[in-house]
């Protein structure tokens, strides 16, 4: 019994792998460790963790190094690793208000309840390529400065709108537990929590494109929202203690949260009020969370009239799209042989038809 | 931030038998049982991310890993070839994560995972054929909306498929569907026959082996249990044509009765797509 | 209301409609009392509900054609679409001899059963051929659709049946293998009629079948429909705002106004002696 390697396919693959490892690991420059990656390529690490649906900066950094910086490949490594892990517990729900804020922007109000916190951002800096990106090491850490709002406590814009009765109430009870999209693939019509989960794991660029093509492109299912909250900060992971039953915080992760205020202008919609879309993803990734919030409300308003929900659920995953695209590189000579057979069959049929007249 | 996971990466205890954790494997097996019970019906499952990319056999791999036991012997082919790069990669993954025997001989194998082909050799009740499926939805060519697609399958409303075949004949004089020919399974569900060539389609009908289809990217499995009717969608008065090449035979073994592949236009280059079958013929 | 049951039914009904209603928004007795012909609107000013059609009843026998006449927006097409299953009705009882022998309400049949009825029992001809046809498919392919749905599996037999139907509806046979998008409006409508007849339905519903066509083309289609209704023993319902269509195709008709039936009578009598003021206005406008 056995498998006879006849043509050296295995050897070729092993050599390709060795070449990757050798050229990557024996580059003459200084080696890079995971600490350098998490410390200096924070946003890349965050993006990979978000798309992988897994919080572990060290592993994400390791994946990025192994993948030579290809973020989709790194995401793949993390997700494939995750597939081998048993699910040991489900964390208790956290309230978004429990976020320890590192950044908070409220574009809709000049003076929102609570501070506008610019935090760590280059949004307002001139994009000039610096001769030496590390030149500004002055040793003293700057403060997390905030511009104070009307009062000290942070009040969500949506809370303000709700107080003014300017927000439609569509809290509902039929989607109490978030759908785990990794164990049950969502198809339209899906609960909102499934759409949000799918978007939280979506490839960032894909979600941005989904947003932009719906603003400018042929579909046009979206219109621009006004951002109520853009937040980045730290949230706890809390579990119930197996013996005492008390909640125990076992760690923290960072997340980006966005609330997007939508003007309702459709027939049959409440013209006296606004609605709100929600976006949240692991790590610091504002583009993704904003696109997500806008798509969330657009999908709700669409109500299944178009295939927007299908696009969101089924075309935004980075591993799905990239993998399928790249499978075109695999051998297809059996299928192609069959296609050629049909080309000749059509040609023969044409000859028969012109030779003996149509049926 | 995390220290507990570090120890798991690459360690012995970290990689379970057949890669997936037991819960995942049970879930996939449940979906497969459902699929066998309703032949041809696409059953959604919680497709896991595998160490191979979506579209590269991640569905077939999950099916194989979910059903493989320590006594199994696996054969993996791509385009009929045990030596195809993707076949090599998948086989090495299955074998290294399970320790099961590998083979290129159909009669030695219990599980045969394949992309795009059914082996030429006779298979029996002791075989499970696992086919990797890139696109499990046979109706996608006539409908894109998944809600409408579910309805069409639920109501066995396949007239649009028939219309597309009718239109094909009217326009082209023949049916131009090359591989993955749509088939009616058990008189009920139309399935996408992966893209296997039309040559292989008759092999699925009333087969004595079990065929499991795994579509990892689209998160669907479906099945053709042994001794199930599999009828290609074809009009009664139009012949179902398999691939032919007049006068062609394998340049290695001389076979004219197997599925042959070639470089286009080069008449001398025909060879068996099933390499193990071809090799055995030469040795006889 | 003006003696709605004036017409005498002669043959046994193949299609029976009782109390059919379609409301958009909440509906109760009060909403009903605030809407309708005598209230001058289908829209309830208090709730905003729209009573598109209410309390519609009629019978149609085999080989008979009933007209539903009214201005656009009066609820005529709504009634037709509720019967066809395109739009869910709010209430009512619709029975067809071809469905359970007329023993059960079609409106409460499950949606898949209703779609199946559309294959060979009920056909609809829409005002817009794009609604009843696939424009990117050939004329023959459009007819192959209901035939294959009904189980036809012989290519030549399908071709033969399509040829027969297209010949009957005056579509030039050399256009049979052209996609319908390349056809004129009149010819599209003829293909739609051919398709509707494919499986010899016992009920055919025609929704403004000639509206939008040039007068001469419309006259040709009307001639065709009249011939077909005479020779094929179908129960037909013809919705139109155009009295010439109603006059040519139907023997009995009902008049709808703001979602309600205001008159139910023989077509000849309606044209000579309309009772309801709205019918009188319609007839005099048509005669003008």
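Some notes on this structure:
Labels A, B and C are assigned to the chains in the order they are written; within every chain, residues are numbered from 1.
One rule holds for everything that comes next: a residue touches a chain if its C-beta (ideal position, glycine included) is under 8 Å from a C-beta of that chain, and two chains touch if they have at least 3 such contacts.
None of these values were measured; they are calculated from a predicted model.
If each chain is drawn as a node and touching chains are joined, the picture is a simple open line.
The chain with its Cα centroid farthest from the Cα centroid of chain A is C.
Here the two chains linked by the largest count of contacting C-beta pairs are A-B. Separation between the centroids of chain A and chain B, computed from CA atoms only, is 32 Å.
Taking the mean of the C-alpha atoms as each chain's centre, chain B and chain C sit 48 Å apart. Centre-to-centre separation of chain A and chain C, using mean CA positions: 50 Å.
Residue positions of chain C touching 2 or more other chains: 156. Chain contact summary for the complex, chain A toward chain B: residues 1-7, 9-10, 12-13, 55-59, 62, 76, 79-87, 180, 182-185, 187-189, 251-253, 304, 307, 310, 314, 319-320, 322-327, 330-335, 337-342, 345-346, 348-350, 352-353. Contacts from chain C toward chain B in the complex involve residues 112, 115-116, 134, 137-138, 140-142, 144-146, 148-149, 153-158, 177.
Residue ranges of chain B in contact with chain C, taken from their complex: 151, 154-155, 157-160, 162-163, 166-167, 169-171, 235-238. By the touch criterion given at the top, residues 1-2, 5-6, 8-9, 14-16, 19-24, 27, 44-51, 53-56, 58, 73, 75, 78-89, 91-92, 101-105, 108, 115-117, 134, 144-147, 150, 172-174, 176-180, 195-199, 217-220, 241, 243-245, 259-262, 264, 273, 275, 279 of chain B touch chain A in their complex.
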